[in-house]
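Each structure below is given as structure tokens.
Paired with subunit B in one complex and with subunit C in the other, subunit A is shared by the two complexes that follow.
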Partner chain A sequence: MTESATGMRRGLGRDLRRLTVFTGKRLLALLVTVLIGVYLTIVIANMGGQVDDLRLAQIETTAAEAVRADPAFHDLPSEERNELIEEQVALEVDRLRLDEPFIWRSFDYLYQAMILDLGRAEEMHSDAGSREVYQIIVERLPATLLLFGTANLLVFFVAVFAALGLSRRYGSAMDQSVIGLAPSSAAPGWFYGIFLILLLAFIWPLFPTGGMVAVPPPEDGWAYAASVLRHMALPVLAMFISQIFISIYSWRTFFLIHSSEDYVEMARAKGLPDRLIEQRYILRPTLSPIVTSFLLMLIGLWSGAIILEQVFNWPGLGTLLFEAIGHRDTPVIIGSVVIFAYLLAITVFVLDFLYAILDPRVRIEGGRS
Partner chain B sequence: MAVTANPDSPLLEIEDLRMQYRTEQGPVNAVDGVNLEIRRNEALVVLGESGCGKSSLAKVLLRTLPRNAGRPSGQVRLDGRDVLALSEDRFRREVRWVRIALVMQAAMNALNPVVRVGEQVAEPLRIHRGWSRRAAMARAAEAFEEVGIAADFLQRYPHELSGGMRQRAVLAMALVTDPDLVILDEPTSALDVLTQASIMNVLKGIKRDRGTSFVLITHDVATSSELADRVALMYAGQVVEEAPAEAFFTAPAHPYSQMLMASVPRLRQEAAPVPIPGRPPSLQDPPAGCRFAARCPRRFERCADDPAVFHPDERHRVRCWLHDAGGTG
Partner chain C sequence: MSPWSEGLRRLRRYPSAVAGMLIILALLGTAIYAVTAIPYSEAQKLWRGGEEWQDLPVNASPAWTDRLTGGNAPPTLSVGADAERRSVAPFDGGRIEERTLHFEFDYDDFPSELNLFLDAEFESRAPFVRMTWERPDGTEVALGSRRVGARERVSISQDSALEARLGQAPQVGLFSDADAAEPEVMPGTYRLVLETVHFEEEGRLDPELVAYGQVHGLFGTDHQRRDLSVALLWGTPVALAFGLIAAVGTTITTLIIAAAGVWYGGWVDAAIQRLTEVNIILPLLPILVMVGTLYSTSIWLMLGVVVVLGIFSAGIKMYRAMLLPIRQAPYIEAARAYGASSPRIVLRYMVPRILPVLIPTFVTLIPTYVFLEASLAVLGLGDPVLPTWGKVLHDAQAQSALYHGFYYWVVSPAALLMLTGLGFAMLGFALDRVFNPRLRNL
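After this line comes the complex of A and B, so read on.
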């Protein structure tokens, strides 16, 4: 007995060590990935340094315009005026360090982006009045996370449990109808959103047409939360409708395939109760692919965020990006890309970490290499 | 737990067992009127080539049939009680792993990849006997020693075990509740010869020490002879010959048995192995009369009728007209 207890402790210690090594390696790899991604964005957004020429020309024009427009310099001879212009241009070039090669500055930009020093917006500002790109984005992020997180969790849990149930009643009328409804996912969430707004906000005004909270926002915390919930209902429902049937369908097929594994048959032969077989022998070994597809779905939904948030007038990252593109506000666009890269990396990291916890085979590979 | 009535009464009696698979091309008669008896502390080898219905027989006995299998008919009596008639829930609680355990074909994949081996081996004790985790693990450790794996390996995951060890772990899992009957479905077919031999030795030891009965389902004549007390040879869903091992291996009665023996290479024998020409008939639409007739060199007019079962001697049964009252054997 004591022997097996020490064995167990040893087994756990070994697992923990492997998990740590694995996690460290993945973190490093992801950091490099983000670095490369952000650096590529910087190089592309600056067209490999060619934007500098444009910028220089712009600085010269601006400086010349400013000097010419200023009545105080009207009387100066043109040579002195030109000198003044050149002085101003030199100052600006010095400030932006345009005289240095682009390649040096690009690393500075990279560093700034990585520490989330995203600079100042050209046109836009946050609702609180800040012009810091970071502030602008951070203000919008929670709204997006709340909306898409809720919708995804809902789809995920409903789909997994419905799929487990269907895989048991394979071929039933219920099963057939879910398969029949699966093509409904061909249309994106915002498409259903338009109809939902028409039906449930205009014809039967049960829900607000858009926005995140009533205007003016309720003072009381609970009332505020209730108002947000009411505003969330339609967009969440729209995403739910567009995702749910295909998710149930694909996971039900997945479970069907996995319930014919030898170890499931063995568990049945062992006389284990159905619920235990489902949890331990079907759900547990398939959890890592399920989590993968869940997180990939989450990432996929980000790309739909722009339109969905527009349709529901939701003050999230999607709306922000839409506005930034409209204003040609480059720092905000680049900042959004950087934040997006980080979000993606975090998602992948969470995925890797879950993998290692869920599947012992992943752990050993991480520990061995 | 069960009342062990008469030690001389058979443990398991299979009577006119039939089972079909539904396929798009029509029903397939995988088990087609099988009669067998398994006595206490006996090893019965069910021999046959691929697709003869021997694995389906194992699946019917433990009710692990795939979705497209029809309801089996006939009787399977365990200590005189028909277990085919039991409800699914009672069968699960009273028969599976309590009385009958299984060692699967393709045991490599018979272990859940994300659960520690020890948990899986101890599981039946916790479910069927309500043992604590600690007690069940201690018993699992004993079972591991019994089949020749160090108890340390209880903490491992299946992928950390070699093929032979996994097979042993699956065997330990079958023995952990001390069942009366263990069905072994091709337990060694994926293993090398040395591992095969050592697993066979483990089985022999368990049979001797615990009085467990075995049904060994295999296509491998050589390994089956190690353990067998009795042999039943299946062909196209039917048992064509059933005899004590000694009689079966030295003087097989059915022409198929004789040809099967001749097709196996032997170490100390000059004669080259002779293959059996042709193929087994389709189980969808089996030919009328003797199913082996098409491949049988000794067929005659009577083979067009379904052969009856004859007894060349007391414990020997053969389904062939040649043995009808003084036919040449």
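After this line comes the complex of A and C, so read on.
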């Protein structure tokens, strides 16, 4: 008894050690990937000299503001003050090596982007009044997470369980109709959103046409939550409609392939109940591909978010990007791309990590594969 | 029988595939018709708007939806003068001429606008015209008088003095009983009498009255009076070309790169793998948005970016897994034995082998890109000159079409997008079952 316990503990320790090694490796690899991705973004964004122009404009305003705000310079004649500003700008240009070739400076930009120092917005500001791009973006993040988290979880769980049910009764009318409906997922969520707004907000005004809470927002916490829920209903429904059938279809096919494995047939022959077969013989071995596809779906949906949010006027990252396009606010657009890249990288990391936990091969070989 | 015709034969057994192919054929037909009927430059010019559309109403809904719901809203009536010119009083060096424009009006609703276009020909002294409106019951309304320039547009419906006199908007007041509390269209023949004083012997005046309707054609018009059928027609070739080129460009290059990676192995394979991982992290839509904002929103540039970013897509991993066992296949060894070069092996032996597996993916990918183009347009990053479905949706969105009840403006481009998506998806799903042997018996 004691021997097996120590053995288990040793096994656990070994697993943990290998998991840590694996995680560390993946983290490093992803960091490098984000680094390259962000660098590419900077190169793309800078091809028109945009980033440099932005920097220069920013330096000029900061220098001018600093000189004007300083009471020591108030009595100076305007020419001298301008000279002073120019001097400051020249100093700053020198410090930031703006007169140096782009290739050197690009690494500097890269560093700033990586530590999420995204600069100041040209036109926009956060609701709290900050003009830091980072603040503007972070303020919008929770709304996006709320909407897309809810919709994705809903689609995922409904699809997996519906698919399990269908795979048990494949060929039935229900099954056939789901296959028939699968092509409806060719259209993205925002597309269904337009129709839902038309039907459920204009023709039968059951739901609000857009936004996140009623105006003015309710004081009471519960009323506030209820209002958010009401506003969420249509966008979540739109995403649900556009995703659900294709998800059920692909899960169903997946489960069908796996439920014809020999060990499942064996379990059936033994007379085990259906529930047990589903949980232990089908779901358990397929868990890692399921998680993989869930996170891949998340990756795909980060992009789709932009337009869905705009259609529903949901105050998230997508709407932010849309507004930034309207204002031609380059720092915000570049900042959003960087943030999106980080979000995708985090998603991929979570995927790898879960994979490591779920897939015994990774645990045993320590990610050598 | 070759595997292709065998596949096609099997495909005919799926009704959804047949329906999908019919939809695609219909779209192709529309696209070819659009390109031949309205040349590229003509389409751009038309969509820029302006003079061509001055005879069309603003935001008119399609005629057929109105008729289907039992309505009888007026279409646009364009009335020229009667042939008869009654010369009233010739005088020295000129004449007074009376011309009548008449038209039947028995619709249930009022026109949306009323404009009179006057085309005058004279050398130095412009003619002078007095306009009188005559309702079917014989009552007359004076529409005032004015000197006419070479090309004049008299906006009767925007005449505020007339509106004050009638107590209603002119296009309502002129078409209804003056004393009725609730204005109702008075059916019958309306007359507009123009009494023109020409100060020159050769002077001429060509009037045209346009009573703008509430409905127009098959697809209605937008806020700039443009006929939506132009955009909906021309959107078809644009959408198909974008979807097709993007899908071909990404899948074929991806496949070739995956095959090359598998064949050469070593650092080539490693580099391709790492590039793919980087590419998964690059967010496509935000990058497109960035490119569109910083450079140009030309649809061809967007297409280029989509293809370039799609080259190292996640598909590479899948193709790699499929190609790895093929690399060891005896027929490849045979090819090597007879001295085939590496590019030849990659392009002629490895790629064609998994092409059938790729076809369903490829077909289902097309609508994704069609919707991507629409998405960009809805974001306001549509091609600046070409009419596309997405741009129609964007205009509708920008003009709050749903709020104002212009449902047709949103529904028709959306329906076309949906049709395209469904057509390709239905075909793709059926193809998947035909070409993917693993799924065939499910």
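In this text, the second predicted complex is superposed on the first by the 306 of 369 C-alpha atoms of A that agree within 3 Å, B and C clash if a C-alpha of one lies under 4 Å from a C-alpha of the other, contacts with A are read in each partner's own complex, and residues count from 1 in each chain.
Convention: contacts are C-beta pairs under 8 Å (C-beta built on N, C-alpha and C of every residue); 3 or more make two chains touch, one makes a residue touch a chain.
Everything numeric here is computed off the predicted structure, so don't read it as measured data.
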item: First (subunit B), second (subunit C), both or neither touched by A:D75; value: neither
item: Which superposed partner A:M266 touches (first subunit B, second subunit C, both, neither); value: first
item: Partner chain(s) touched by A:I257 [first = subunit B, second = subunit C, both, neither]; value: second
item: First, second, both or neither for A:D220, with subunit B first and subunit C second; value: neither
item: Touching partner for A:Y170 - first (subunit B), second (subunit C), both, neither; value: both
item: Partner chain in contact with A:F322 - subunit B first, subunit C second, else both or neither; value: second
item: Which of subunit B and subunit C A:L276 touches, first, second, both or neither; value: first
item: If touched residues of subunit A are counted for subunit B and for subunit C, the larger one; value: C
item: Overlap of subunit C and subunit B interfaces on subunit A (superposed complexes); value: 170
item: Of subunit C, residues touching subunit A in the complex; value: 16, 20, 274, 277-278, 280-287, 289-295, 314, 364, 367-368, 371, 374-375, 378-381, 393, 397, 402-403, 405, 407, 410-411, 414, 417-418, 421-422, 424-426, 428-429, 438-439, 442
item: Complex contacts: residues of subunit A adjacent to subunit B; value: 1, 3-4, 7-8, 10-11, 170, 260-263, 265-273, 276, 280-281, 284-285, 287, 358-361, 364
item: For the subunit B and subunit A complex, residues of the former touching the latter; value: 62, 64, 66-67, 92-93, 95-98, 101-102, 104, 106-107, 109-116, 118, 123-124, 127-128, 134, 137-138, 141, 151-152, 154-157, 159-160, 170, 173
item: Of subunit A, residues touching subunit C in the complex; value: 29-30, 33-34, 36-37, 40-41, 44-45, 47-48, 50, 170, 179-180, 182-188, 190-191, 194-195, 197-198, 202, 209, 253, 256-257, 296, 299, 302-304, 306-307, 310-311, 321-322, 324-326, 328, 330, 333-334, 336-337, 340-341, 344-345, 348
